[in-house]
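Consider the two complexes below, in which subunit A is the common component and subunit B and subunit C are the respective partners.
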Partner chain A sequence: MIKNALASALIWLIAMLITGVFAWLLADIIIHGLPHLSWSFLVEAPGNAGRSGGIGPVIISTGLILLVAVITAVPFGLATAVLLSEFTQRNSRLGRLVRGSLDVLSGVPSIVFGLFGNAFFCIYLGLGFSILSGGLTLACMILPILIRTAEEGLQATPNDYRLASAALGMSRSATLVHLLLPAATPALIAGLMLGLGRAVAETAALIFTSGYVDRMPDSLFDSGRALSVHIYDLSMNVAGGDANAYSSALVLILLLLFINSIALSLANHWLHRSVVTV
Partner chain B sequence: MFLLRTDRQLAFLLGSCALLSAAIVLLILLFLVKESWPVLQHVALMRFVTDASWHPVQGLYKLTPMLSATLYSTLGAILLATPLGIASALFSRYYAPPFLAGCYRRLVELLAGVPSVVYGFWGLTTLVPLIGRLHPPGVSLLTGILVLTLMILPTVALTVDAALAAVPVAYVRSAAALGLSRWSLISGVALPAARSGITAGILLAAGRAIGETMAVLMVAGNVVEQPHSIFDSVRTLTANIALEVAYATGDHRAALFVSGIALMTLVLVLVGIAECFPRKRYYD
Partner chain C sequence: MKKLGIVVTLIVLTGAVWGLLRIQSNETKIEKLVLTGSSTIAPLAAEIGKRFESFHSNVRVDVQTGGSSRGISDARAGLANIGMASRGLKEDEKDLLNFTIALDGVSIILNKSNPVNALDKQQIIDIYTGKIANWKEVGGNDAAITVVSKAEGRSTLELFLHYFSLKNTDIKPQVIIGDNQQGIKTVAGNPDAIGYVSVGAAEYEAGQGAVIKLLPLAGIAASVENVRNRSFPLSRPLNLVTRGEPGGVARQFIDFASSPQVNDLIEAQFFVPVAH
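Let's look at the complex of A and B:
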């Protein structure tokens, strides 16, 4: 009896402790970050190594890096997921090979992605420190998440769809485009948002692929500083940069919350739509 | 499998994409080896352990201080995060009322999404001064362990939660029908039934802790020395790479890629062991 009560008390206490620490972290960032946050902070260029001014170019660079990552990773991810779920048997050699190598890829530490991106994209392909290098490195990183969620979503579609459309003599391609992909859309979007969240949060893989330059990028071949790299640089390398680092951290967290809520609302929207688009 | 011609073309296209995706891992390995080849050619592997110190410019490549920093900080974080994470999962599954449980699970998911650089920044501005008051300078193995604990806690909590959810309802109902107290139900039925899922979750979290760069880099002080107490400043393998790649050239750069290979091997062994435990897949 005493043991039972003790365990209850301890578990409630730990849950409150975790909630408390989270509230502390969030409150700390909001209290220090909110006073500096304004429209001009979001659009102005950083001045004096980031101590003054805003994060306009940093936000643009972050957006471009994410765009490159998503545009390259989504087609490959979708194609691989469709192949794994619709065109191979569960235990086929190709399926096992691809799944196995993706499992390994998802375990690779982000700093190793950074090393690879630096050696392959920046130096071997000659892209240098650029938004393109950073985006492509992130694309490799989020590929496993995209593929797994898309594969799960496709496998969760009712098998009746496949049987019915086969009975109607539809080709597999048509079944895929008109039935399976629309039905799996919530899962596809949820997976995309998971990947995007991971990419936004990434720092280590970007430091030596997309670089530190905090000017407004002219093209994808320019170096651009991501928001997370900006926070790192301000807090570690710039004395007196803490105020702006707090505000940038707040912007980063808000951005993540925004991505999350888009994922939720889109998923709801698609769930209420009829499945067939034609 | 019978396929129409259009379908066969599509299958071919998809297959090429899939093979390309699968080839990324090989490409990564290939380039890690290619970049570290110059130093592997004339430096014996043992020298990464037996050299006097880490002075890569002078040709001294001792990696063990960084390796032990990585192992200590991971071990510390796992020791702290495992009980906390299990308790947190038990709370949302068996103790909290349904509404609170939903909110709490959402909170842990949010916690899992907070970027590592934000944890590091918060640790630097908040934890470091606190620990500095206890034992200056504050940037230390201990701070690194605490920040890492915060980072991997959600991973442990969410995987344990998923493992507990997969425990057959019949077990729980039978235990309740036998009149077991809540704690006996948990310790005697639920936790043992979820054991393999829990172990897999802990191993995954350990892999994450080893691979984590920014959070530890920002709070651990980055002095290359064998740590003797938890208040010593340390530099992990990941932090070492992040700090030095920018300016490293020649053999120095190659030595950093060697530590990258070491890191990848460590993590892959952990992930490989974790894969051996059957579990409900959880994607973070």
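Let's look at the complex of A and C:
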């Protein structure tokens, strides 16, 4: 009896501790960041190396970088996941090779992706420091997590679906589009959110690819500073930039919540429209 | 069928990228000036760039960071029009030209609660080489010294090593940091730490209530004033470097950055202007 009570007390304590750390972090950012947060902070350009002014161009650049990353990573990720789960045997050589390389890729530190992106996209492909380079580098970075979650989602759909639709004479592509992908949507969205979460917090991969320029970008070929790079620069490189760094961190958290809620509502929307409800 | 779909997607994506590239190459009327290098100079260069753009509407100044060594190698390789280096050029870098736009001093900093108020040159060398490991040996508390040093490639490190005639392998640091702000935060958060950072940044942060103090060097107080009158011994130039004589926009930018028109920007970044 006492043992039981002790065990549950311990579990509660650990859970509270973890929640407490998160709450502390959030409270710290809100307390320091909220006083400077205003509409003008969100739309104005940074001034005096970021100490004054706002983060308007930085938010736009961040959004564009994420957009490039998602638009590139989702088709490739989805296609690879479909290949792995629907068109190869679990233990085939190709499947093992692709899965193995994805596992290695997902463990690669982001600075390595940054240096790769700099060498390949910026210099070799001649894209220079640009939002495109940054977005493509992030796409490479989030692909492994995207593919693995999408693959798990597809494999989790009951095999009865495949058998039943084959019995009805549906083609494999029709089965995929009308049954399997809708059924796997929650997993796909979860993977996308995990990937986006990693991407939006990325500094090391972006400072050498999308760069440091805090001007409003005219095109995807312009260098654009991401929010995380801006926060890093303000807190680590600019004396007196702490206040705006806190506010920018708050905006980053709000942006992440916003992206997550959009993704969730999209997932719900698609689920209601699909043939299969899980 | 599906393979065909994937192939089509690939072709469309490649086409889209190429299309975007073509559009870009057709509208390059705007002249781009790329600066890379020292993270110390980068915020200043970005501000000078903004003011320069306001006078030259057809020019865009893109500033990227990565450290002085990167600035020098990018300028040499032609990846950047102008490199930024917060140190003088070394012997094997004399193939490049350098233009000093401002000065910065490097100061030894301690936590404010540390009773030690001055260290002589030999004591600092002994602390950084690990011969002195406890503050009581230099008249402080009985506490182990936390030696904070900078990462390889940082010009502050090179300047520090040069002044104290040390090699990086001689230094026995407990903490290795990158930027000035990181150094100030590390020392402010550890009462037994010793570090070295930019005088301008340290003076500003100390004035803003950071729990650090700047140690005098060879009897001369570490202050922006003493860097300006060049009496402070541990100071460094902030340089723009180019491969060969700069022409066109690069020339204009360097002239602009060396003129008194940007003195207020230099002072706003806690550096010391050289132009009068």
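By our rule, the second predicted complex is superposed on the first by the 235 of 278 C-alpha atoms of A that agree within 3 Å, B and C clash if a C-alpha of one lies under 4 Å from a C-alpha of the other, contacts with A are read in each partner's own complex, and residues count from 1 in each chain.
Please note the rule applied: a contact is a pair of C-beta atoms (placed from the backbone, for glycine too) under 8 Å apart; a residue touches a chain by one contact, two chains touch by 3 or more.
Being a predicted model, the structure only gives us computed values, none of them experimental.
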Scan A:Gly50 for contacts with subunit B and subunit C and give back first, second, both or neither.
second
Is A:Val251 in contact with subunit B, with subunit C, with both, or with neither (first, second, both, neither)?
neither
Look at the residues of subunit A and decide whether subunit B or subunit C touches more of them.
B
Go through the superposed model and pick first if A:Phe87 touches only subunit B, second if only subunit C, both, or neither.
both
Where does A:Ala239 make contact in the superposed view: on subunit B (first), on subunit C (second), on both, or on neither?
second
Give one of first, second, both or neither to describe whether A:Leu192 is in contact with subunit B, with subunit C, with both, or with none.
neither
Of the two partner chains, subunit B (first) and subunit C (second), which one does A:Ala79 touch, if any: first, second, both, or neither?
both
Should A:Asp214 be classified as contacting the first partner (subunit B), the second (subunit C), both, or neither?
second
Identify the partner contact of A:Ser8: answer first if only subunit B is touched, second if only subunit C is, both if each is, neither if none is.
first
Check whether A:Ser173 is in contact with subunit B, with subunit C, with both or with neither, and answer first, second, both or neither.
both
On subunit A, what residues does subunit B touch that subunit C touches as well?
75, 79, 82, 87, 171-173, 176, 207-208, 235-236
Using the touch definition from the top, list the residues of subunit A that touch subunit C in their complex.
48-50, 72, 75, 79, 82, 87, 123, 128-129, 132, 171-173, 176, 207-208, 211-215, 219-223, 233, 235-241
Per the touch rule above, subunit B residues touching subunit A in the complex are 1, 3-4, 6-7, 10-11, 13-15, 17-28, 31-32, 34-35, 84, 87-88, 90-92, 95-96, 104, 107-108, 110-111, 113-122, 124-126, 150, 153, 181-184, 186-187, 207, 210-214, 217-218, 238, 241-242, 245-246, 256-257, 260, 263-264, 267-268, 270-271, 275, 281, 283
Subunit A partner contacts - residues on subunit C that touch it in the complex
1-2, 5-6, 9, 13, 20, 24, 34, 39-40, 42-44, 46-47, 50, 60, 62-66, 79, 178-182, 184, 200-201, 204-205, 208, 268-270
Quick one: in the complex, what on subunit A touches subunit B?
1, 3-4, 7-8, 10-12, 14-15, 17-19, 21-22, 24-25, 28-29, 32, 75-77, 79-80, 82-84, 87, 94, 97-98, 101-105, 107-116, 118-120, 124, 140, 143, 145, 147-149, 171-173, 176, 194, 197, 200-204, 207-208, 228-229, 231-232, 235-236, 242, 245-246, 249, 252-253, 256-257, 260
